[in-house]
Every structure is written in structure tokens, then in C-alpha cells.
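Please go over the structures that come below.
Both complexes shown next keep chain A, but they swap its partner, so chain B is in the first and chain C is in the second.
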Partner chain A sequence: MDVSLGLLTNAVISGLLLGGFYAAVSIGVAISFGMLDIVNIAHPAFILLGSYVAFIGNSVFGIDPILAAVIALPAFYLLGMAAYQVYYVAFERRDDQSLRGLSFFFGILFIVEVGLILIFGVDYTSVQAWYGGGNLSLGFIELPWRLLVPFLLGMAMVAGLQVFLSRTFIGRAIQAVAQDQQALRLMAANPTRIKRIAFGLSFATAALAGAAMIIIQPVEPSIGREYIGRIFAICVLGGLGSFPGMVIAAVTLGIVESLTSTFFGPSWAPAVAFGVLLLTLAVRPSGILGR
Partner chain B sequence: MPTSAPEPLLEVAGLSAGYGKIVVLRDVALTVGAGEAVALLGPNGAGKTTLLRAVSGLLPRTGQVKFAGRDMAGAGPGDTVRAGLVHVVEGHRVFTQLSVFDNLLLAGYGLPRPELTRQVEEALAFFPEIAAKRNDRAVTLSGGQQQMLAVAQGLVRRPKLLMLDEPSAGLSPVLVDRVLAAMVRLREAGTILLVEQLIEKALAASDRVYALARGSIVLQARTDEADLPNRLEHAYFGQDVSAPLAS
Partner chain C sequence: MAYLAAKGADKQAAVAGLGNVAFILVLCVAAAAIFGATRWIGNSYAFFAAYVVVQYIVLGTAWNILGGYTGYVNFGITAFFAIGAYSSVVLYKLTPWLPLPVMIAVGGAAAALVGLGTGYLTLRLRGVFFSIATLALAVVVQTLITNWDFVGGARGAYVLRPKLAPLIGGEYIQYLYLVMLGLCVVVLATARAIERSALGYGFAAIRDDEAAAEAAGVPTLRLKLIATTLSGAFMGMAGAPLPYYVAYLDPASGFSLNYAVNAIAMPLIGGTANWVGPIVGAVVVGGLQQYVSVTISSAVNVLITGLLLVLFVILAPQGIVGVAQKWLRRRR
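== the complex of A and B ==
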């Protein structure tokens, strides 16, 4: 195996940028699973929905895919609030959320996927944007635009949500709600309303993550399933409830996958990535920055 | 000229409550007057925590609860808090991943920010020990400090009545003294209903006492009455202590 410094550097850089994208697709589950204890296994399907919304905005209206996702944010937010309300009434209120709630989201996953197939077909779809190709050259380092822009988007999403959670009333309440709902009720806060808002935010991130995904690669309705394991692995590896931990985990996984793909072939990448997860959890069961 | 006694701040009459089919409280009645410190004592399983939960709206109940002249029928925890009746639950349950200051801000959920900041500072003034750690995460505090933070959370809303559920639970004797010393300061500032298992310390901090056993009030007395600890012990074991015991 011929390892050149340039090849190694570019593999690491690509992995770092890929990690930023992984952070973008994982942050919604970091909220729903990490903070609300809701196993929303359908999240990747809504990311795909976001991809197709970006595609429609780009191909039909000629607007930038990320801008299309931003325009769609309120709709995704409301969709998330509605989904939580159904989940709460049907399962959480009856303390039935563990298995039946999971089944609920499995069903949603397949309904969304089949819906996308029926509307868009099974062929790969992509968008057109100035950052869809080409590299930003920094000396001997090449930063592909199609990776760099999703990376920046992912970092902006994480930073924005971190500020929201730490600086606003609702943000603090979201951090508190998973820990002690009864104490929150005694502070005149409504835990159900807080969780509904948080779940709406989780869905809203799917719109932007979807735009990031369709920029990085062409999409078809079933590729969301490739991300289910990866997303939950990143959230667990980073430590549930920790955004910085999630980012570290996402970047770690991105770099490991990139290095593995570059030097050993892409087939090994998922196995090595999950191997890292298992090793880390064996040493630190709560995750990298878990509490 | 005869004057009628002032209306109690909290009036509980005929209250029954429990968990599902398990009835824990039967026909409980008690009052707390404005400016008083009242202790609610009782052995494990007597229903003390259940009583506070029923009064604060966390549990469904039958019977009547009147607070500051208002019938609290159907009131949930949010309504109760907004009416000025604050319940600090047992177990120094604070939000460990938030800072001390953020814990207190959250306790004032819904209050306008300038007013809230002022009230948070007032609450911190009762507990200089945790005021010094306002930017530290609550998980870094000791058990006693977390309990002080939990009580400070209760004070943020300037309650008319503060109900404290076993603030000394799980604490070492030194920390118990520190927390209960804070109770003495609180007593000067407002009305308190204190649930405790430490009889002597609770009596020292209170004006009146109720004893709860097997879901019913078995004794009520002023804390300066004669032979009270002995009467409490007898009340816990089911003996009639409505009058001072014969020697």
C-alpha cells in the first residue's frame, strides 16, 4: 500500500468535511433521541424528504437547494410538532412508547419512503448549484465544494442550535425536560409543549440535512436506510444529549470512513466505523462526552 | 370588639388521594396561616409526600383545597405555582447539566426577563454558598448545595407559601444543619409548610406541627406545647394523643 502524505492529508480532510455532513444529518436525532428519549428511526426518511424538497426548489423554481430548504423549514417544523402530538397521544401518554412507539416510527419511515418512490420514482436525483463541483485549493490541500458547503452548513446548524439551547428559556427547558418532567411541571412549564417544540426543531433540521445530502450525492428514496445505523451510532458514540460530543463522533466517523475507503476500499468503511463505535463504548460506555 | 381569626392562607379539608386504586390519604384536613412555619411529620409511608403532591396538583384528589381565598379545584401544578403555592420536591432534584443560574432562570418559566433576573438574585441572596457558584453546572455541587439550589428555585417566584418536602433527605448531619439553617432565614421571609422526618429539627424551625400516620392527621399542636415529642411518638404508633398524656 502506497501511502503518500498528500493522499493521506486529502483523505483526512475529506473525512473531516464528511464528518460535518454527518453532524448535519445526526443533529435531529441528537435532539429527539439524545434529549427527548424518542427513538425516531424515521428521521433519515425525512432527511430524504428534505432532499426532494431541495430538488423541487432547484429544478422547478431554479433556486439554490439550501435556500429551498430554508424556505421549507417552517413546514418541517410544523410537521415535526404534528408527528410528536400523534406519538404523544397514541403512545407516550399511555406509557407505551418503548416498543409500539418504535413501531410507529418504523411505519412512518416506510410510508415516507414509499411515498417518495411513488412521486419521484427510484432513479437517482441530483441538484444543480455552483458548489456542486470543483475544489477550493489551499496549497496542496483540495477542499471539494460539494463537501465543504455541507460541512459549513452542518457546523452552522450545530452552532445555531447550541446557542438556542443555552441562551433561551425554551432551550434550557428542552435540556431539562428529559431529566425531570415533574420538576418542570412544578415550575409552571408544560413538558408536553416543550417536547413538541423540540421535536419540531428536530424535523426542521431534516430539511437542511436533506439539502446537504443531495448536494453531496445523488439521492433515491431508499438511501435513507443506509444512514439509520450511522446516525444512531454517531449520537451514541458522542454521548446522548451532547452536541459537542456528537460533532466529535461525526468527524471521527467521517475520518475513519474516509481513510478506510482511501486505503482499503469503500466496502470496509462501515465495518471499521462501527468497530470504532464498539471500541469506544467498551472503554467509555457513556460515549465520548456522555453524561 | 371581637375580631374573627384571619382566613388561613392554605386550607385543606376532606382531602383524599392516592395512586390508582391505592388510597393513601383519607379525609385529611390542615391549615397554614400567613407568616407561619408549619411542620408536617410522620413515619415512612404515612402519606406526607402524597399530601404535598395532591395539594400542588401533581396528583388527582378529592376534597377541598383553598389557597389565598381561591378554590383550587381542578388546578394543575402550573396554576398552583402561578397562584403563589410552590412545591419543592424531595431529593434535591435540580437540572444537573444546567448552571446554577440557568436552573434558577428556568424556575421562573414564563416570567418577564427583567423581573426574573431580579427575583433570581433575591433567591440567591438566601444562599451565598451557591451564589458564588452561579456559573457552575449543578452536577458539580454537593448534595447540600443542590438542595439549597432546589429551595432557591422555589423562592424565585416569591411564593406566598413554600412547601418543602424533606429538604434534609440524603444529607449528612453537617449539611442538614446548613440546609435547615436556611429554613430559619426563609421562615422570616414567608410562609412555609415543611415535611420532615427529623422531628427535633423540624419542631425547632416551626410554629405548629401536624402528624400524619396511615394517611390521616393524628395530631396537631403548637410546637411550644408541653411533652410534644412524646405525644408525637404515641401518635405515630396509633395512640390517642388529642390531650396531653398523663405522666
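== the complex of A and C ==
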């Protein structure tokens, strides 16, 4: 195998950009799983829902896919709050999160996926935007806009949420809710309300991540399944609840996947996440930056 | 505690109800009667439809041995099911003269090894990590099969179904159906025997409070590994006859999410507490699906299954069997 330096550099750079996108996809689960301890395996389905919202905004109304996702943010936020309310009443209060709570999200995953198939069919769809093609030239390296824009969007989401979580009262309450609900009550914050807000936020990130996904690649309804392993691999590897760890993990996975597709072929890439996940669980389940 | 007490109570439990041997005899008679009834209907569609329902009883019961009895959720049903199916494809290419039951045993062994390995790596952690790992397992096994040219890769593989059924005569689908019924008897008898043994009480202790079970001396990791291996083996066995049933197997159909959703939805809808639940779930949901896919469309029927799953876990967590038991108790 001829490993040229140019090929290697390209693979690493596109892996880095891909990693920023993976951070955008994973941040919702970093909140729901990492901070609230709710294993929302349906998250990728809602990311795809976001992709189709961006698709409709783009193809029907002719607006920018990211703008379409921003417009849909409040709707996703409310959807997330409603989903948490159902989860809380049906499972968390009954203390039945593991078997039935997990199955609940599995059922939701399936309903959203089949719903999208019934509405949009199984063909790939894509969006039109100025960053759909072309490169940003930085002297010796070329950065494709198609990867750069989702990367920047992901980084902006991580930075914004990090500031919100560390500087505001509600943000700090969200970080505290998984640790000590009783103490939170003494601070006059209702844990259920805080969790509802956080879950709403987690869903809202799915709208933006969906726009990023349909910019990077054409999507079809069942593509979300490939992301389940990836997202949870990133969250576990990063150490649950830590955004910096998640970003490092996302970039690592992006680069490893990119190298794998370059040197072994793209059909092997989905297996990388699983290898990373199993290795992490077996060797260091608390992740690289875990407590 | 229950585990230790159960060792003594083991014999009593067997006497209280039907003994295991008697139960197997009852199941065999029931299976023979069902086979006779299907043959009496006499068209091959009846066999194809009934095969699917019986296959789901096997898959649902296999899932329930881990999910319902120990409380650990396996989402990677398609991985185990497809390992069984593809091991038959491999055997078909290498040694086509092997009888089907041998292929089923090989497929079950392969899936059992994968279950043991996955369990060994992840079961020492909290249950959710096992669930997530199994989700990812389904993707990775699909990736491996898609890249494996010997079994057809992404293009899929053709398997020639023999024209005539061995031993019983008639169409080959009758033989497939009979074999699946036999497998069903084995799986149900195993599930019921587990429920009434020390093993079953150990599983229940893990489900109710794993830390307390561990503290009381229940070998939790070993029991969980037994459950994962058994459950994986039965899923692989359920998948092994699939290439002969469909005659053309590609990764997209072998790893169809429908299998995973049905295998989880059916026990949860029927009831996870004992071996009756998955049967009720498979017959009710499977029957409904056969009806809907004939009258409306197959995309709608999977949507209905998903909706039923979500509704049942929210509104009737004990499943149909649990609701029926509660209703009977109130009537008394």
C-alpha cells in the first residue's frame, strides 16, 4: 500500500473536520445521557427529523438549511420537553428506566424512522447551499466548505452550551441535577423542571445537527442507525458529561474513521466506532476525561 | 437470598406444576396439533405465514431469557439472528449436504460465542452499556458481512431451496415449518425450566436488585453470561433456517430492523414475566402484522408494531398476560 504524505494529510484534515460535525451530533446525547442519565437512543432519529426539516425549508421555501434549523429550534425544544414529561411520568417515577425506558426510546426511534420513510420514501435527499461545493484555500491545504461549515456549527454549539452551562443558574442546575437532586431542591430549583429544560435543549441540538448532517452528505431515513454506535462511542470515550472530553473523542473518532476509509475503503468505517466503544468499555469505561 | 432459598425449593416447584418432561410432552403434542392444522388448511401461504409467527415466538422467547428474566436489554437481535442465517449460507456453500438441524446447531453455537464475548466485555458495567454495545454490535456485524465476498457481500447470496421436504414429503416449506416448531418446543421448554430452577431465581434477583443479589452471594456475572449466551444461541438458531426460507439473503434484509423491533415488542406486549408472554405477543402482533401487510402495506405494519410497543410500555408495563392476570384476580 502506497501511503503518500498528501493522502495522509488530507485524511487527517477531513477527519478533523468530520470530528467537529460528530461533536454537533453527539452533544445532545452528552446532555441527556451524560448529565441527566437518560439513555435516549432515539436521538439520531430526531437528528434525521432535523435534516428533513432543513430539507423542507431549503427545497420548499428556498432558505438556507441552517436557518431552517434555527427556525425549528423552538419546536424541537418543546418536543424534547414533552418527551421528557412522558418519560418521567411513565418510567422515571416508577423507577423502571432500564428495561421499559430503553424499549420506549427504541420504539420511538422506530416510529420516527418509519414515519420519515412513509412521508419521504427511502431515496437519498440533499440540500442546495453556497457551501455545497468548493474549497477554502489556505495555501497548501484545501478545506471543503461542505465539511468546514458543519465543523464550525458544531464548535459554535459546543462553545455556546459550555458557556450556558457554566455561567447561568439553570445551566449549573443542569450540571448538578444528576449529582444531587436534594441539594438542588434546597436551592429552590425543581429537579424535574431542570431536567425537562435540559432534555428540551438536547432535542434542540438535534435540529442543528440535522442541518449539519444533510450538508455533509445526502440523507435517507435509516441512516440514523449508523450514528447510534458513533454517538455513544464518542460520549463514553469522552467521559460522560464532559464537553471537552466529548470534543476530543469526536475528533479522534473522526480522524480514525477518515484514515480507515482512505486506506481500507469507506464500507469499513462504521465498524470503527464499535471497536472504539468496545475497547473503551473494556479498558477504561470512565472515558479519557472521566471522573 | 431468593437464590439460596430457591436451591431448596427447586424440587417443590417442579412438583407443584407440571414436571419439565411432562411439559415437553405437552408442547410436542401441541406442536404436532398445530402442524396438523396448518397442513389441513393445505395452501403454502399458510405455511409461510405460520413459519413467521413461530419464528417470532422463538426470537421473542430468546430475547426474554435475557431481557425479561434478568432485565438486561439486548438491542442487537439482528446481529445474532444474522450470524445464524449467514452461518447457514457458509455451510450451504461448503457442505450443502448437511441436514438443516445440524446447520441450526452450528448457527446457534456461533451466535452463542458472540453473545458470550460481548457479555464478557460489557456486562461488568451498568446495564445500559451492554444495551449500547449490542446496538453497535448490530452495525458492526452488518459491516463485516457486507464486506465479506464469500457470502455474497452487499449483493447477497442465493440459496436453492430443495423441491421436496425430507422425511415428511410435500413442499420444503413444510419441513422448514416443522423444524421451526421443533426449535420452538426446545426454546419454550428451556425458558420454562429456567423460570423454575435456581438459575431463574438468580436471574430474578439480578433483575430486582443486582447489588443486593451480589451481596447475598449470587454469582451475578456468571449468571448474566449464561443468560446472554443462551439468549444469543437461540436467536442464532432462529436465524439459521432463514436463507432457505427467503431463498435470497442480502445484508439489508438479513439485518432488517423489523426483526429487532418485533423480538423486543412481542415479549413486552405479551408480558415479560414468564414464558407465556412472548407466545401471546408473537401470536397477537404477528397475526395482526400478517393481516395488515396483506390488507394495507408492510411499512404501515411495522409502524403499528412500534406504536403498540410504546403504548404498552407506557400504559400496560405488565403486558397482555399481566393485565389478564390482574383482571382474573379481581373477578375472583
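To be clear about the criterion, the second predicted complex is superposed on the first by the 278 of 291 C-alpha atoms of A that agree within 3 Å, B and C clash if a C-alpha of one lies under 4 Å from a C-alpha of the other, contacts with A are read in each partner's own complex, and residues count from 1 in each chain.
Criterion: contacts are C-beta pairs under 8 Å (C-beta built on N, C-alpha and C of every residue); 3 or more make two chains touch, one makes a residue touch a chain.
Here the structure is a predicted model, which means the values were calculated and not measured.
Undergrad: Looking at A:Leu5, would you say it contacts chain B, chain C, both, or neither? Reply first, second, both or neither.
TA: neither
Undergrad: Once chain A of both complexes is superposed, is A:Val60 in touch with chain B (first), chain C (second), both, or neither?
TA: So A:Val60 meets neither chain B nor chain C here.
Undergrad: Taking the superposition as given, does A:Gly107 touch the first partner, chain B, the second, chain C, both, or neither?
TA: second
Undergrad: Would you check which partner chain A:Leu138 touches, where first means chain B only, second means chain C only, and both and neither mean what they say?
TA: A:Leu138: touches no partner chain.
Undergrad: Thinking of the overlay built on chain A, is A:Arg172 touched by chain B (first), by chain C (second), by both, or by neither?
TA: So A:Arg172 only meets chain B here.
Undergrad: Comparing chain C with chain B, which touches more residues belonging to chain A?
TA: The larger set of chain A residues in touch belongs to C.
Undergrad: Applying the document's definition of touch, where does A:Leu186 land relative to chain B and chain C: first, second, both, or neither?
TA: In the superposition, A:Leu186 touches chain B alone.
Undergrad: Intersection of chain A residues contacting chain B with those contacting chain C?
TA: none
Undergrad: Along chain B, where are the residues that touch chain A in the complex?
TA: For this pair, the touching residues of chain B are 56, 58, 76-78, 81-82, 86-89, 93-98, 102, 105-110, 139, 153.
Undergrad: Name, in rising order, each residue of chain A that touches chain C in their complex.
TA: 39, 41, 86, 90-91, 94, 96, 98-100, 102-104, 106-108, 110-111, 113-115, 117-118, 222, 225-226, 228-229, 232-233, 236, 265, 267-268, 270-271, 273-275, 277-278, 281-282, 285
Undergrad: Which residues of chain A touch chain B in their complex?
TA: Chain A residues touching chain B: 166, 169, 172-173, 175-176, 179-180, 182-190, 241, 291.
Undergrad: Using the touch rule from the top, collect the residues of chain C that touch chain A in their complex.
TA: So the residues of chain C in touch with chain A come to 67-68, 71, 73, 75, 121-122, 125, 127-129, 131-133, 135-137, 139-140, 142-144, 146-147, 154, 257, 261, 264-265, 268, 272, 299-300, 302-303, 305-307, 309-310, 313-314, 317.
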